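Each of the next two complexes has chain A plus one other chain: chain B in the first, chain C in the second.
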Partner chain A sequence: MLTLLLKGALATLILAIVGIGGGTVLGVGLAGLSFGRAWPLRFLYRLYVFVTRGTPVLVLALLVFYGLPAMNFALGPYVAGCIVLVIYGSAFFAEVFRGGVLAIPAAQMESGRSLGLPPGAFFRKIIAPIAFRYALPPYVNVCVMMVKASSVLSIISVWELTLAAREIIERTLQVFTVLGTAALLYFLICFAVDRLGRRAERHLMRRGFVGERA
Partner chain B sequence: MIDIRSLQKRFANGTEVLRGIDLAIGDGEIVALIGRSGSGKTTLLRCINFLEEYDQGEIRLDGTALWYRDEPGGRRVRMREREIRMLRQQMGIVFQQFNLFPHMTALENVCLGPLEAKARPPAEVRDLAQALLSRVGLGHRTSSYPYQLSGGEQQRVAIARALAMRPKVLLLDEITSALDPELVGEVLEVIRGLVAERMMMVIVTHELSFAREVAHRVAYLSQGRIVELGAPIEIFDRPRDPTLKDFLRRIR
Partner chain C sequence: MSWWRWFSVYGPTYLDGLAATGVIAAAAAVCAVIWGALLLLVRLELGRAGARAVDAYVQVFRNTPVLLWIYLIYFAFPLVGLTWPAVVCGGLALMLQNGAYISEIFRGSVKAIDLVQFDAARSIGLSSWATFRKVVLPQVLVHSLPALGNQIILLLKDTSLLSAISVAELTMNAKLLTEQTGAAYEAFVIVAVLYLFLVAILELGVKWARHAVSWRPPHHAL
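Right after this comes the complex of A and B.
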């Protein structure tokens, strides 16, 4: 039983990593859209975030898994599951990054402008690192949320921790032991994500963000 | 040289901050801007490198018009971002609050401009930055982050960062106002060193004794106008304008 749950946990971990990775990349792009100069870009961003964030993961999962095949665009449950997580996460990640950029002190932006830095260098050297520092705590928060959101994918027959638990319960009827163990495994994964986040924060502290707190 | 002609600016809320400023600053000249808070001196300084936009008038650097261009129809438009960037690279500014990049060491702060904006070779930039930091007395703190430095040290790094661009003019915006009194001296000492090099400077300051010591000319601003302009001796010892007399009396 435990081996099966551990395998499920591994599947969950992989789903979370894919979702977090893809969601982060898409989120960065979307956040960039939110600072677009033309208003249609900003509108598009608002619309995307509004719709995605306002849709329950479960509905999104059903939509992608059953909705797309109806349009002759069939996907296996795993691909569908990953797409769901990436889309769902991207809206939250985008907002987190947007917040990070908005938190950059105007004075530091002025410093960059006064040096006459080209846009690429401005983003790489100033905006991205400083925004990332401000975005880190809420970013970790969304990552933890993603781990748990992956459990919903069991509904569209993605085999992961929750589905594994349900299968075992059907055979053994040990509801509390099995679900308890599954919950503990979820907790451990989330705990690990949180610790990683803390480590990253401490690392950044040493690299110059300590005084910020004063 | 910098030539400012009938510069006017009003804030979005309608307040007129600058009501027609005329000022020419020659090569190697140091002009100090003094006046009460709200007189427009910092805004004027920030207009020079376009951190602040302005509504009318023009600024020239060595004869070239800056920041705006008149289109054939007579419409006044901002220059392209690229042109603005190139022009800004010819000016250095040091801020009241230092504004160093917190995630970069002193050396990285100084290297950033020449490396990324001017695309100079890394080895050359490192040597330049190292030399500049030594010059401001921080040769031993190159790998310190801003939070590890005192206010005076941070401000000296900021000066080195501005100098690293080899600017034609250095704009100093109340650079000692945020410092503890005992740290003011070390920063002013660095500026004194630049005076000897005949660096063109525009200095907004509340340190009147310093303005008197280093400035070739002092401009007294009040309500968005230059009310009195002259050699430090004239401004400080023989002020004519009654509001300037009052201002000097209060500050002493």
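Right after this comes the complex of A and C.
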């Protein structure tokens, strides 16, 4: 039983990593959209974030799960689950990155602009490092949220820790042991993500990175 | 099928689900706020051991998905002889999870209370229960209204998970309709819109609360 749960935990971890990776990439793009100069871009961003964050994960998952075959993309529950996690996470990651950029002190923005760098270098050398430093704590929070959201995918029959636990319970009825172990495994994963994030924060502060904790 | 006919055939199912979701969310929210206040009381009154216990409780619920607790309570309670209906089991899980987050929100608001007030309360002879009831709780509740509103929005979205234990709420009804009519995803689009409608109302409430909480004296009074 324990090996099955551990395999489930591994599946959860992989799902979470896919969701976090894809969500981060899409989130960066969306955050860039939110600072667009034309108002349709900003409006699109606000609409996307409102819809994605306002619908429950389960409804999003059911939509994609039932909607993909309807559009002749019968790719199976696992791909649907990954798509859902990436979309759901991108909205939260975009807000985190947007908050990180907005948290850059105005003085540093102005002194950065006075250097007269081209836009690409300006983003790479000024905005990205400082915003990254401010966005790290909520970023880690969203990562933990993604791990917990992966458990909802069990309802659309994506095989991961929660589904593994449910299968074992249906066979053996050892509810407390199985769900307790599953809870412990989730706790270890999320706790590890949290600690990794805190260690990254401390590392950034030690190197004399820009930005100070309030 | 014309709109009117569609609405008369399927409308009641959606409205039933919407009402059920609203009632479950409201009840769970009230219970979660009460539970969060109780956790705050434990943190404030039971010394270091109490604070550590509440910290452990919060860590457990921050790092585990709520679906696991819904399953645990729903499957385990009959084994120990408690045959409560599925709604109550799910609501209990939601209350425990969100109570943890709400107690953290309250903890942040307690820090905003000036320490002077505790001295003043002691000097007029208020017991610790009386200071909690008359000094801490009112200020904490008002101060944390915006964050509480956000948490309640999260709670509303989590009620959709109760469909996993067959509670007749909005998502469950959408699943049933999908199976009945064979229309693949339309039901879920409508349900998503309904959830967005509820969330939009609650977000307006949060905006109002944020405005009401940050009271400033009117300029003509100064």
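Here are some notes:
One rule holds for everything that comes next: the second predicted complex is superposed on the first by the 209 of 214 C-alpha atoms of A that agree within 3 Å, B and C clash if a C-alpha of one lies under 4 Å from a C-alpha of the other, contacts with A are read in each partner's own complex, and residues count from 1 in each chain.
The rule is short, and it goes like this: a residue touches a chain if its C-beta (ideal position, glycine included) is under 8 Å from a C-beta of that chain, and two chains touch if they have at least 3 such contacts.
These numbers were taken from a predicted model, which means no experiment stands behind them.
Between chain B and chain C, C touches the greater number of residues of chain A. By the document's definition of touching, neither partner reaches A:44: not chain B, not chain C.
In the superposed model, A:75 makes contact with neither chain B nor chain C.
Touch criterion met: A:175 reaches chain C, while chain B stays clear of it.
After overlaying the two complexes on the shared chain, residue contacts for A:194 are found with chain C alone; chain B is out of touch.
In the superposed model, A:116 lies in contact with chain B only, and not with chain C. After overlaying the two complexes on the shared chain, residue contacts for A:166 are found with chain C alone; chain B is out of touch.
Shared-chain residue A:62: touches chain C; no touch with chain B.
No residue of chain A lies at the contact with chain B in one complex and also at the contact with chain C in the other.
Across the complex, chain B is touched by residues 105, 107-108, 110-119, 121, 125-126, 129-130, 133, 204, 207-212 of chain A. In the complex of the two chains, the chain C residues touching chain A come out as 59-60, 62-69, 71-72, 75-76, 79, 157-161, 163-164, 171, 174-175, 178, 184-185, 188-189, 191-192, 195-196, 199-200. Contact residues of chain A toward chain C in the complex are 50-51, 54-60, 62-63, 66-67, 69-70, 144, 147-152, 154-155, 162, 165-166, 169, 173, 175-176, 179-180, 182-183, 186-187, 189-191, 194. Interface residues of chain B facing chain A in the complex, by the touch rule stated above, are 49, 51, 81, 84-89, 91-93, 95, 97, 99-105, 112-113, 116-117, 145-147, 161, 165.
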